[in-house]
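What follows is one structure encoded as structure tokens, with my remarks underneath.
Chain naming follows the written order as A, B, C, D, E and F, and within any one chain the residues start at number 1.
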Amino acid sequence: MKYADEFRDKTIAQGLARAIGAEAGPRRAYRFMEFCGGHTHAISRYGLEDLLPANVRMIHGPGCPVCVLPASRIDMAVRLAERPEVTLCVYGDLMRAPGSQGQSLMRAKALGADIRMVYSTLDAIRLAEQVPTREVVFFAIGFETTTPPTAVMVRIAEKKRLRGLSVFCNHVLTPSAMHSILENPKMRNIGGVAIDGFVGPAHVSTIIGTQPYEPLVEQFGKPIVIAGFEPLDVMQAILMLVRQVNEGRYEVENQYSRAVTRQGNRRAKDEVSQVFELREQFEWRGLGLVPNSGLKLKRAYAGFDAEARFAMHELRVADNPACECCAILRGAKRPVDCKLFGTVCTPETPVGSCMVSSEGACAAYWTYGRVRDDQVRRLS
Amino acid sequence: MKYADEFRDKTIAQGLARAIGAEAGPRRAYRFMEFCGGHTHAISRYGLEDLLPANVRMIHGPGCPVCVLPASRIDMAVRLAERPEVTLCVYGDLMRAPGSQGQSLMRAKALGADIRMVYSTLDAIRLAEQVPTREVVFFAIGFETTTPPTAVMVRIAEKKRLRGLSVFCNHVLTPSAMHSILENPKMRNIGGVAIDGFVGPAHVSTIIGTQPYEPLVEQFGKPIVIAGFEPLDVMQAILMLVRQVNEGRYEVENQYSRAVTRQGNRRAKDEVSQVFELREQFEWRGLGLVPNSGLKLKRAYAGFDAEARFAMHELRVADNPACECCAILRGAKRPVDCKLFGTVCTPETPVGSCMVSSEGACAAYWTYGRVRDDQVRRLS
Amino acid sequence: MCLSVPAKISKILPDDMAIVSIDGVSLEISIALVEELDVGDNVLVHVGYALSKIDPTEAKRTLELLQELGSAGREPRS
Amino acid sequence: MCLSVPAKISKILPDDMAIVSIDGVSLEISIALVEELDVGDNVLVHVGYALSKIDPTEAKRTLELLQELGSAGREPRS
Amino acid sequence: MSVKDYHGKLDVENGRVDLSHGSGGRAMAQLISGLFHQAFGNEWLARCNDQSAFEVAAGRMVMTTDGYVVSPLFFPGGNIGSLAVHGTINDVVMAGARPLYLSASFIIEEGFRFSDLRTIAQSMGAAARGAGVYIITGDTKVVERGKADGLFISTTGIGVLADGLDLSADKARIGDRVLVSGSLGDHGVAIMSTRQNAALQVEIVSDSASLHDLVAVMVAAGGRGIHVMRDPTRGGLAATLNEIAHQSGLGFRLQEAAIPVKPAVAATCELLGLDPIHVANEGKLVAIVAPGVADAVLAAMKGHPLGCDAADIGEAVADDHKFVQVATSFGGGRIVDWLSGEQLPRIC
Amino acid sequence: MSVKDYHGKLDVENGRVDLSHGSGGRAMAQLISGLFHQAFGNEWLARCNDQSAFEVAAGRMVMTTDGYVVSPLFFPGGNIGSLAVHGTINDVVMAGARPLYLSASFIIEEGFRFSDLRTIAQSMGAAARGAGVYIITGDTKVVERGKADGLFISTTGIGVLADGLDLSADKARIGDRVLVSGSLGDHGVAIMSTRQNAALQVEIVSDSASLHDLVAVMVAAGGRGIHVMRDPTRGGLAATLNEIAHQSGLGFRLQEAAIPVKPAVAATCELLGLDPIHVANEGKLVAIVAPGVADAVLAAMKGHPLGCDAADIGEAVADDHKFVQVATSFGGGRIVDWLSGEQLPRIC
């Protein structure tokens, strides 16, 4: 696969690993948070931690939109799907996402709710055209990457007068979450030790560009390196972060220059701003209510807004108290630190969202790393 | 089973057979038409023809509401059932009734139409209550016996405000059909020989009483004996007809006095007249358009009339030209006289309606008598 | 046609409904179409409705007549 | 997160649609979100949409840099 | 951290089957080991292979399969699980064979309750043990909601034939007697009473039962004098005798008065416009036997609890038309045909 | 008047299955004789019994069953019929057995086209003949519209074991080599490409095939050195190796670079967020063999058309955790777990 295989080269990786080992001074520890699940996936899938020196530690951030979706939003979606007139379209990742009390869309479907997996918002449009008498609701989730396709769908629905189609919007914004992590002193200093830098989002950044990270770097003095999702991309970004730390710099650097520019994708941003506007706040699993971190449909598109159309009530659901998702999403704990990990909570019976998506920190650990007890390096 | 087993006694039957044989003078032939399929069924099921003398011949009349229902009405029901919002409730007998070009409700159901078998109009009410958003249409067929339950259903629907329930009405009237048979010289004189009398309806008469047959007897000079559906009932009625013929009488006699009175069931008649009124004419398979022979919902109940509610178009469908149903229903031919009988036309692949219901003349012959080639006594 | 079975009323229910029984089978039917029914009465049941009451006296009369005709027939007259 | 795969545009269709291909797989996607695409361009595909064009020059530069860093790493400095 | 056990726990009381239980993952393994293995428990299943091996002696074996799609799944006298074992065992034993092993293939609609599945599996296990038979291999598939009717089970049975016995539908001979092992139509009426109409209550339970032991007793009494055995399931006695008539090239003449039918079954059939002779049975058999052994076989049947109402109902006759005819109790005669299409309740 | 033949004609071109074809009447007999017997045609079915008898020699036999619920029913490289024969034959031959007979149970949704059913039945007949196997008994049920998904088939296979061979999932030994017979994920991707998304076009056909002959060649080359064979169907290679690891009480270490995966399969998996190691195969096998015979068995496989892409992908290792681990092409290591729940296409 072009533009993928080249960035998975074993020989280069070993060279890069040695370079990181050489440049990461042995007298200090480096703690980098990869914000995105895509990076977490690459780290686990290719066994990158095996290649990194012991004093370079990766902390898994909240970068999976399923993991950060609170149980309340799943519960709301289940209630919506239970309405007889509604056909709910969802991305496959969401099917097992846990709501409260063992609820999930998978379970609602098994009990008779009309829930369809889609691969694309284009599928939802097709479906709405096929069943004009049904209320087809698209359960929209995702960061800036996944928001423009939802915006396009709404604009097509408007143009085609698809009255039956609407959106249950759960789109969230990455920089706001990073800001929230950095602003909170508990999060900034995990176990009393500061995060030294961020591996920044890949595909989110193709849309928003690198510019939105610049104020963060200014405000908090932490380097951010935007990186691709291939394993060599991640390793190069780590090397770049080590160098910034060593040199006392804190800049936004762009490792992923083949797909990311400073300005991002203007057309995609325009589509989004046509259709969506900021919510005052939005709940993130693990981060709580984060100001200006979510999107909703603009008033002009209220007809396509499922929350308005079906008078959906906001719900509040307490997380399972034993679940450490919250700390894990903040980078404060690792999956193996959770008592439920691998016993009560497995990918078949997920308790927290980190176990749901295979990109979730707990699921990635379970699938790719659950034996490496020896590698569990607790924070000092 | 009380009031049934007593009327199936073999010893009495043999005595009755001898009595009929004794009283039916050998020098003349007796041709009686049993109007009802119930009588046809009893004759076939118990092998009554084996017991009757050779000069007493039973002619099978049009007395099966499925058999007389023209293909056009089945086609109309199929079109109705194909509407996505409609759930059509039907009595089991109708499922295989042939419309035009191989259509049937069974086939429509197999192709996805929502068609439910019901045992009673009470089931249709229950269904309409369960699925209030569906258009539940009851496919009403039957003679006077089956009409009052439809009327009760409509009145209950009105009382309960079951807006989703309606009736596709195909109820027909027995005396009108008998009149049509007697009025038409071709029918009165089958193969040049007159019908000598009628075994009259059993359960139809529980509702309408014996009185409605009196004008027929007056006008056409043919005896009518109302008889029950048990085999001894039929044999007694035949004996009573033989006696009337022998004595030159033509009266309405009531063999079925345990269930039938002269006035009939006033309450049932009231229910019917509340809800239904006469159609100017109605098509009968085999008899063509018969004046004043069908019922429709009164204007006050137009909201429950599926024909109005769904703007159903009247259809006209030519019968299969090879099918002798028409002549068989008139008593002019026997099933074995039809070239299609038992070859192209079987109960699995019925061509005409007489093959559909097991009470239909062709089906009854097929099931109970198809080997008795030796018994095929053609009209002289 | 008009399949109908004789059954005995075993219980009167509200709303013009009743339970009838026949040889170990019981069926809930509507009695909206027949006046003045009591437990123990026999009715003809058609599509879940009582159509008419069976008159036991007339039934007995018919049976007696049948028996008579049957025995008369036993010795052929002509 | 944001699963996305590089693919080459093999055909431009009407209504902002296009066919992309990857190793014997072809997929119809929307290109409504990316300006000025031609057959032969490579794009990142996410949930059936092209997100951005892959810049071949930048890709080459990154690869060269990676190779350099990798070889540099081969002889440990410290 | 403790590593999750391969055999995880299933929440049988409250849980429901979803698509993950059919997709080859751990959830499926949990379902199979936690529910089916427990209910069927035997050494073969314990090895968790995709097939099971067993020793056989040289000889003749039989194989049979049936799909079970009964609705409702639970009915008076049994459920789809016991039925799926009894029915297939019966098809084995109708050849005069001793049933040995069963396989079971489950197709489950998502949303199905584990607790119901367990009840059904336990009924299967009990029915199999009752017949000395083992369910040695199986398969589980889960389909989306709305793409099945709760649960379908297909079972396949194999058995070993007694030496010299060769029962087949083409072995009926003119003059043979027709024996039935008991009253007809009980299963079909039990099903209809729960399905057809909520208003209908019938005091009848399904006759669903394994006939292996009854057949053993009959074979002991009749040996090679038993020519054909069949269980009159779908289509009832009428279908079974018509099939045999066709295969053997002869006709049957039955005495209606001799055919055992329970009053409640007869009454239900009258109500719904059906004929008991077309109604399904699941624990009855029809045997076509040489006249010389008929009395001995009938006596053996009557001595067995599952044959106490057995009856000799007629004989095989020469008939070019291959008709099944019945001398009615009324003194006339009629032909009993196959059921025409599906058995539909009628109003006329 | 001519009496209608028992074997009536079916309008195969235009007709559709309705409930009457499953209710034990003449319509059902017509369907069975006019369509299935014709497609499977053999002496056993011709006898029209509810079971079939056959001779066996003394020895060890195997029995296996699988339900087939594939959607769509027709896919590149096969249909549900060929699949139902290949899949069950493969489960027989994975024991090292020679397949002999199959049974087939059909559950059909009313409205199904006779013409499609004929195509499927003919594919079954052809697949069976190709493997020298006979479909000797069957069953047909029809369910109401909306209560099935077109057609489900459950097949059961029996076969006879070669002397001395005892393959079982608990027979893997530390040091054994792991062989696969060809590229992984072809079947699953062929199905997904027709089902998942109309927009997706993949040049891949299902690998559905009967592996009886390949296995014969392998057994000839490896004999008792072959310890386990499995066809990695649902859940793919990952599920199969995890099962074997658990049953045998050891782990596996694989070389990712050695695992054959076609580029189009790899690309489809990347697009949908899946891992080829979890994707279903229907004409591939995994063999766990003693290291001493591994090369000979591999060579034999490569010499067979169905094994030309065979590969040695790793070994069995001691592992208390019973993990399946993969050395990635990148130089790291990871654990390959069972699939978690159903395989769902992902966006992240």
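Rule of thumb we're sticking to: a residue touches a chain if its C-beta (ideal position, glycine included) is under 8 Å from a C-beta of that chain, and two chains touch if they have at least 3 such contacts.
Chain identities (UniProt): A, B = Hydrogenase maturation factor; C, D = Hydrogenase maturation factor HypC; E, F = Hydrogenase expression/formation protein HypE.
Just so it is clear, the structure is predicted and the values come from calculations on it, not from any experiment.
Colleague: Figure out the least number of contact steps between subunit C and subunit F, where 1 means they touch directly.
Modeller: Steps on the shortest route: 2.
Colleague: What chain pair shows the greatest number of contacts?
Modeller: E-F
Colleague: Quick check on subunit E against subunit F: do more than half of the interface residue numbers occur in both copies, making it same, or fewer, making it different?
Modeller: Subunit E vs subunit F: same; shared/all numbers exceeds half.
Colleague: Rounded to a whole Å, what is the gap between the Cα centroids of subunit B (Hydrogenase maturation factor) and subunit D?
Modeller: Here subunit B (Hydrogenase maturation factor) and subunit D have centroids separated by 75 Å.
Colleague: Cα centroid separation between subunit E and subunit F, in whole Å?
Modeller: 29
Colleague: From the mean C-alpha coordinate of subunit C to that of subunit E, what's the distance rounded to whole Å?
Modeller: Taking the mean C-alpha position of each chain, the two centres sit 37 Å apart.
Colleague: Whole-Å distance, subunit A (Hydrogenase maturation factor) centre to subunit D centre, using C-alpha means?
Modeller: The computed centroid separation for subunit A (Hydrogenase maturation factor) versus subunit D comes out at 21 Å.
Colleague: Touching two or more other chains, which residues of subunit E qualify?
Modeller: Those would be 3, 18-20, 25-27, 144, 146, 197-199, 263, 266-267, 270, 273, 321, 340-342, 346-348.
Colleague: Give me the residues of subunit A (Hydrogenase maturation factor) that touch two or more other chains.
Modeller: Counting only residues that touch two or more other chains, subunit A (Hydrogenase maturation factor) contributes 1, 4, 13-14, 37-38, 64-65, 91, 96, 106, 119-120, 122-123, 142, 146, 346, 348, 357, 359, 370-371.
Colleague: Give the residues of subunit C touching no fewer than two other chains, as numbers and ranges.
Modeller: Touching at least two other chains: 1-3, 5, 22-23, 46-48.
Colleague: Mind listing the subunit B (Hydrogenase maturation factor) positions that touch subunit C in their complex?
Modeller: 1-4, 6-7, 9, 11-23, 36-38, 41, 63-65, 91, 119-123, 142-143, 145-146, 148-149, 152, 201-204, 206-207, 229, 232, 236, 239, 255, 257-260, 265-268, 271, 357, 359
Colleague: In the complex, go through subunit D and note every residue touching subunit A (Hydrogenase maturation factor).
Modeller: 1-6, 8, 22-23, 30, 32-35, 42, 44, 46-49, 51-56, 58-59, 61-63, 65-67, 69-74, 76-78
Colleague: Can you tell me which positions in subunit F touch subunit D when the two form their complex?
Modeller: So the residues of subunit F touching subunit D come out as 197-204, 262-264, 266-268, 270-271, 273, 346-348.
Colleague: Of all residues in subunit F, which touch subunit A (Hydrogenase maturation factor) in the complex?
Modeller: The contact residues of subunit F facing subunit A (Hydrogenase maturation factor) are 196-199, 263, 266-267, 270, 272-273, 321, 323, 325, 328-335, 337, 340-342, 344-348.
Colleague: Where on subunit A (Hydrogenase maturation factor) is subunit F touching in the complex?
Modeller: Checking each residue of subunit A (Hydrogenase maturation factor) against subunit F gives 1, 4, 8, 10, 13-14, 37-38, 44-51, 64-66, 91-93, 95-96, 106, 117, 119-120, 122-123, 126, 142, 146, 231, 346-348, 357-359, 363, 366-371.
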